[in-house]
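Each of the next two complexes has chain A plus one other chain: chain B in the first, chain C in the second.
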Partner chain A sequence: MTQTIHPEIESKARAQQAKLRRRARINALIRYFVLSAVGLMMLYPLIWLIGASFKTNSEIFTNPGFLPKNPTIQGYIDGWKTSTPYTFARFFWNTFLIIAPKVIGTAISATAVAYGFARFEFPGKKILFATLIATLLLPNVVTRIPQYLLFRDIGWLDSFLPLWVPSALAGDAFFVFMLVQFLRAIPRDMEEAARVDGANSFQTLIFIVVPLLTPALISVCLFQFMWSMNDFLGPLIYISSVEKYPVSLALKLSIDTTEAFEWNRILAMSVLAITPALVVFFMAQKYFIEGISSGGVKG
Partner chain B sequence: MARLQLKNVEKTYGNGFKAVHGINLDIEDGEFMVFVGPSGCAKSTTLRMIAGLETISGGEVHIGDTIVNDLAPGKRGLAMVFQNYALYPHMKVKNNLGFGLRLKRKPKDQIAKATKDVSGILEIEELLERLPKELSGGQAQRVAVGRALIKSPEVFLFDEPLSNLDAKLRASMRVRITDLHKELREAGRPATVVYVTHDQVEAMTMGDRICVMKSGHIMQVADPVTLFERPANDFVAGFIGMPEMNIVDGVLDRESGANLIIGSQTISGGAALAARLTQPSGPVKIGIRPQHLTYVPKGTENAFEGKVTVIEFMGHEVNLHINIEGHSFICVIPSEIYDRSLKRGDTVYVAPLIERLHVFDPETGVNVSLGQESA
Partner chain C sequence: MKRSTTALATVLALTGISAHSAELRMSWWGGDSRHVATQAALEVCGAKTGHSIKPEFTGWGGHLEKVTTQLAGGTEADIMQLNWPWLPIFSPDGTNLVDLNTLSDTIDLSNWNEAAIAQATLGGKLNGLAASQTGMIYWFNQDIYEQAGLALPTSIDDLVTAAAVFEDKLGEGYFPFYLVGEDVVKWLQNVVAQSTGKGLIDDSTMTVAYTQDELVAGIEMYQMLVDAKVTPSWPDAAAAGNVQLYENPSWADGHYAGTYVWDSTYFKYAEPLTVGTLVPSGLLSVEGGSNDGVYRKASMVFSLSKNSDNLEAAAQVLNCLLNEPEGITAMGTARGLPASKAAQAQLAADGSIVDIQTEANDMVLQASGPEVSAYAEHPEVRSLMTDTLELFAYGELSAQEAAEEIILGTNEVLEKYK
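What follows is the complex of A and B.
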C-alpha cells in the first residue's frame, strides 16, 4: 500500500529533521571540545615533559610552549652518561634486577596464598585472613623502621633483597586479597572435575586455577611492575651505593650532584624512566581486557 | 567389580547441620541407580560423598572391595558429570577429554586413540578443536559425558546432568545416556551408574532402581514399577506420578470389611482391601492416583460425590479438579469419554479403583495397604 504525503507536510518534516540533525551535530561538537580540552589539560604536563626533553637548557625556562625551537637530543646523550662512573643503562639494569624477581615472586606467592585462603579449610583461617586484611589497612610508613632494623640485622642493607623478598613472599596483602576475591567468583566445579580426573591440589592449581586466574594475574603483575618502577622511598632507604641505584634514585642523583641543574638531562631521563611503565601498561592492557572479556565461563 | 555400598553414611556440616542421616544402600555392579527427591533432600551431597568431593562424617562408602572414605576422588575409579558440565574453559575439547589420562601419564598415542573412540561414540569428532565457550549446551553436555567415559571408570556419577538443557534435548540425551549404559553392559564392561535428578520422569525412565530421598533419609529403594504401584509411604506416593496422587485425611472402619470414610461419604473396600490392610480402624490417609478415579454415572455404588472446581483440557486427557467434602481431588479422564457439557460447579461421581487404592498411617505416613508380606 502506498501512501501519499502532502508536499507541504513533507517539506516541513524534512526541515524539522534537518534542524534536529544540526542540533545533534552542534551538541557533539561541544561535547568533544570540552572532553578534548580537559584531556589536554590532564596530559599537558606529560606532553610538555616530552617536548622540553628535546630543548636546550636555556630554552626550557624561556619558551613556555612544548615544541622546541631547535630540537636537540643533547639532553639524552648527556643525561644517559650521568655525572657518575655509570650510565643510565646500569640504573635500568638495577631496576630490572629488583622488578623481575619481585613481579615473578609476587605472582607465584600471591597465587599460592590466595588459593589457600579461597579453597581450603584450615584451623585459624579466619584469624589469618583478618590479619592479612588488617595489614592492608596499615600505612606502609608504620612498618618502615622495624623493617629497616630487621633487614639491618640480617645484613641485607645496600642490597636488592629488602626491596623484593617481602613481596616475593606474598608480603603485599593487596594482591593476595585481590586474587582471593577473584577466586571466590570462579565456580569450584572445574576444580572438582579436575580432582575427579585425578589431579591433586597442586596439579589443580597449575592446570586449572592459574589459567582461570590469568586476567587477575596480569593485573597483579602490571600493578606490581608500575608501583615498583615508581618506588622511590624503598631504594632510598635501603640502597646506599650508587652502583646499585635503580632509575628512580638515579634521577634524583642528577639533581643532587650538579650544582647548576641540567634540567634537560633530568627531563630526558624522566621520559626514559616512564617509558617502560607506559609500554608495559599498554601491552598488558590489551591482554587484560581480552582476559576479562573472554574469561567468563559459559554455563 | 564395582559394587557400590553405603553403610550408615552420615554428613554433618561444620555448623552442626546434619544433612544425611545414616543411609544404607547397596548398588549392584552395572546397575543404573537414580537418586531422586525434592531440592534439599541431600541427594547431591550423597553423590558428592561417593565422589570424594565432600568428606564423610560417619559410616563407610565401599567401591568394590575398597573402603574409599579417605581415598582422593581421582583414586576411586569413578568419573563424574556435573550439572553445569564444568568443562575446563581454557582447554580445547580434545584436551578436556584427555586431561584425566594425561594426569595418569598415559602415552600420547593411547590418549589420542581413546579421544577418537569416545568422540566417535558421542558424535563430537568435529568439536575436538573447539573451546568450551564455542559449544552449545547439548554439545557441552556430550563433551562432559565423554570426559567421564574416556576414563573407562567402574562407577559413573551424574549430578543432574540434563537440568540445563531444553526439554527436547533433555529427552534425547536421556535416551542416549541409558543407551550408553546398555551398550557398555553388552560390550562386557558394565559400569555402575549413580544418577542424581529431581525430575521424576528421568528417574522413572532411566533407572534400574530408584532411591527416593527426603531430608537426608532414604524413603524407598525400588524399581520404577514397584515405586509406582507399591509406594512405601505417602511421600513416595506423592512424589512419584503425574499428576500427584490425591492423598486426603479419612477414616478407616474395619467393623465390616474395610470401609473408607471421607467426610460424610463412605465407600466399601470389601474383602480385597481388608486382606491388604495392616492397620486397625481409625483415622488414616487415603491415597488415590488421579488415573485411578473413574468417572461414573450417578447412583453407582462405591463412588464419591463431588463438585467440579477446575477443568484442564490437556488434549489426550482431561484433568478434572473435584472438591469432595472439602478435599481437593484431581481425576484424569481420557478425553474420549469426557463429557463436554461439564462445567464448573457441576456435581460428578467418581469411583476409585479399590485394588489400586492406598491407605497410609496418618502419623508415620507408612503405607498400610501393601499386605502382610511386605508391610
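What follows is the complex of A and C.
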C-alpha cells in the first residue's frame, strides 16, 4: 500500500533534488566569492598598514604591494623609543588612565540617568529629556572654548580630569539616549514582579534592569572605548605636558610639514595603537551581537 | 594682623626667589629631530640661566588649534614657536603678544636683519623673532640637465626651450620642471611680482594690489608652461595619486628635473634622489621683469606670552636659545638656517651648516622683490587661491574668471582685518 510511488517519479524527484542541491552549492559559491572579495577590499588598507610597518621608510614609497621585500622590525624599535624622554609604553599607560575611568563612569552614570528617564515620572521630565537630546545635536566644537575656560578656572588643565569627568557624569547624551531606547523595548513585567516581592527602585535597577541591559551596556562600553582611543582634539587642547600625552597625540608627535619623517615608525606604532581596540572588539563581539539580536522577556 | 604680615612676607620672599629661578614653559611643533634638539637646548639654557623650562611639543597637525585655545584661555606657554602667518590672526594690532622691543636689554635684537624685524612688527610692536628666514627658489637636478646637454635655466624662456630638448633627447615622461598644487600659488606671485614690482596684498589699503590683467598674464604663463610640457599638468599629477614630490618615484629617478620650493627644504627633496644631484638655482627671470620677485618670509617666529609671570626670565632663555653659543650649538639647524647673525656665524665656523644650505639661503636673502604681506599666507587666502587655480587647471574657469575670483575672494577675506 505504501509502495504507491512509481519508481519513475521517485527517480525524477531525486534528480530534481540533486539539481536543487547543485544550484544551492553554486549559489553559495558565488555568494562567498563576492563576500570574500568585498571583505578583502575593505580590509586591504589594514593589511597594507601591517605589511608596510615592516618595510623600510624608502620601500614604503617604491613598493606599492603590502608584502615587504626585506622585512625589518626597525620601525617598531625606533618608534617605541620616540623622540621624547619616554617610551611608547608611557603613552599607552596614559591612554589607559583616561579610558578606564571614562568607560566605567559612562556605564554607571548613563544607566542611572537612562533608568530615571525611562521608568519614572517627575516634573519637568519632558523639558529635561528635550535638553538632553538638544545637547546630542549640538556640535562638539561649539562648546570647546567655554568648556576650556571652565576647566581652566577649576584648575584642571594639563590633567586627565577634563577628559573623563564629564563622561562619568553622564555627559555623553548619545549613550543615555541609546539606553533609554533600549529600556523602552523591555517590558516592565519583571520589574513589577520584583516590586511585589519588596525590592526598592535601586534594587530593581541592580538585580533586574542591569542584567537585562547587559548587551546594551557592552555596546556602550565598546563605543566609548573606541571613541576615546581615537580622540585627538580633547587631549590636544587639555594636555600640554609630553609626559601626559595619550597614544593619539603621541602618534602625531613626529609628523611635521617641513621635515621628511620616518613613516615606518609611525605606521608601526599605529599598528600597536589599533591592537587594543581590535582585541577588545573581538573579545566582546559575541555579546555585542547577542545584545542586538536578543532582548525582552524570556519564558 | 601679625599672621597676615608674615604671610605677605612669605609670599614676597617666594616671588623674590622665583624671579631668580623661574618655572617656564615653552611650546613648539616639529618632527623628531627638532624635538630632540630643542629639548637638549632647553636643558643647556636652563642650566645656564638658572631657570627650569618645561617643554611642550606636538606634531604640526592640530598645533594651530591648540595654540588658539590656549591664547583664548590665557594659558599659553611663556615661550612659543609660532608660524609667521599666525601673527596677524592672534595679534592684529600687535598688543596680544609681548612687544620684544621692550626687552631689548635682555635679547640682542641686532642679530636680526631689517626685513626679519619688519615682517614680525605689527602696529609698531615687535611680536616675534624669526627662527629662520626662508624663501622659494628654483632647484634643478644637474645631472639630468647635463644628460640633455643643457645648462641650468636662468629664465622662464630657458625652461620652455628645455622642455623641447628633454622630449627629444630623454624621451617621453621627462619634464624639466615640476609645478603642481600649492606651489603654483607661490610661483604665480613670483612671476607677477617680477613684472609689476608689487606684492599680492597691499598692507596699507588691505586689498589685492594686482589688477585683473596682471594676474591673468601670470595665470596664462602657468598655462603656457603646462602646454609646452615644462611641467606635468595639475590634473595629471592628481590622477597619479597626488603624491608629495619628494615621495614621488619620478622625482627620485630624475624624470622631474626641477622644482620651485623653499630653500629650507633642501634635504627633504635632495635625499630621496637616486639619480643626479640637486642644485639651488636662484630665481628665473620673466621677460621685462623689474626685480627678482622673491617670496621671502620668516619661516617661524618665537614669541613671548603676555600672560607670562616671568617675562624677564623667558627673555633670558630665548636669548640663550637664539644668540648664545650654548643654545646655538644645541639648536643647530633644526629650524632651518638660523636668522640670528650670531647663530649663522657660529654654525658656519664649526661646520654644522652644509655649504649648499648657505648658498641657497644667500640666494633668498640677496634676491630683490616687493615685501610679502603676512596676509598672503592667511589660511583662507591660500586655500582660495589654490582652489581657484585648481579649477583653472581643470578648465572649469578661464584665466579671466580665475583672476577675478582671486581678487574678489581675497579682498573679502581682508575686509575682516581692515
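We adopt the following convention: the second predicted complex is superposed on the first by the 249 of 299 C-alpha atoms of A that agree within 3 Å, B and C clash if a C-alpha of one lies under 4 Å from a C-alpha of the other, contacts with A are read in each partner's own complex, and residues count from 1 in each chain.
The rule we apply is simple: a contact is a pair of C-beta atoms (placed from the backbone, for glycine too) under 8 Å apart; a residue touches a chain by one contact, two chains touch by 3 or more.
All of these numbers come straight from a predicted model, not from anything done at the bench.
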Fit or clash - chain C, chain B, common chain A: fit
Which superposed partner A:E192 touches (first chain B, second chain C, both, neither): first
Partner chain in contact with A:L169 - chain B first, chain C second, else both or neither: neither
Which of chain B and chain C A:I208 touches, first, second, both or neither: first
Contacts of A:A277 with chain B and chain C, given as first, second, both or neither: neither
Which superposed partner A:V242 touches (first chain B, second chain C, both, neither): second
Chain A-centred angle between chain C and chain B, computed on Cα centres after superposition, in steps of 10 °: 150
Partner chain(s) touched by A:N200 [first = chain B, second = chain C, both, neither]: first
Gap in Å between nearest CA atoms once chain C and chain B share a frame through chain A: 48
Doubly contacted residues of chain A, that is, touched by chain B and again by chain C: none
Residue ranges of chain A in contact with chain B within the complex: 121, 187, 189-190, 192-200, 203, 207-208, 211-212, 214, 294-299
In the complex with chain A, residue positions of chain B that touch it: 14, 51-53, 72-75, 78-80, 82-90, 99-100, 103-104, 132-133, 140, 147, 151, 164
Residue ranges of chain A touching chain C (in the complex, touch as defined): 58, 61-62, 83-85, 144-145, 148-149, 152, 157, 232-233, 236-237, 240-242, 249, 252-262
Chain A-facing residues of chain C, complex: 25, 27, 29-36, 39, 54-62, 65-66, 69-70, 72-75, 77, 243, 246-249, 252, 262, 264-265, 267-268, 271-272, 299, 336
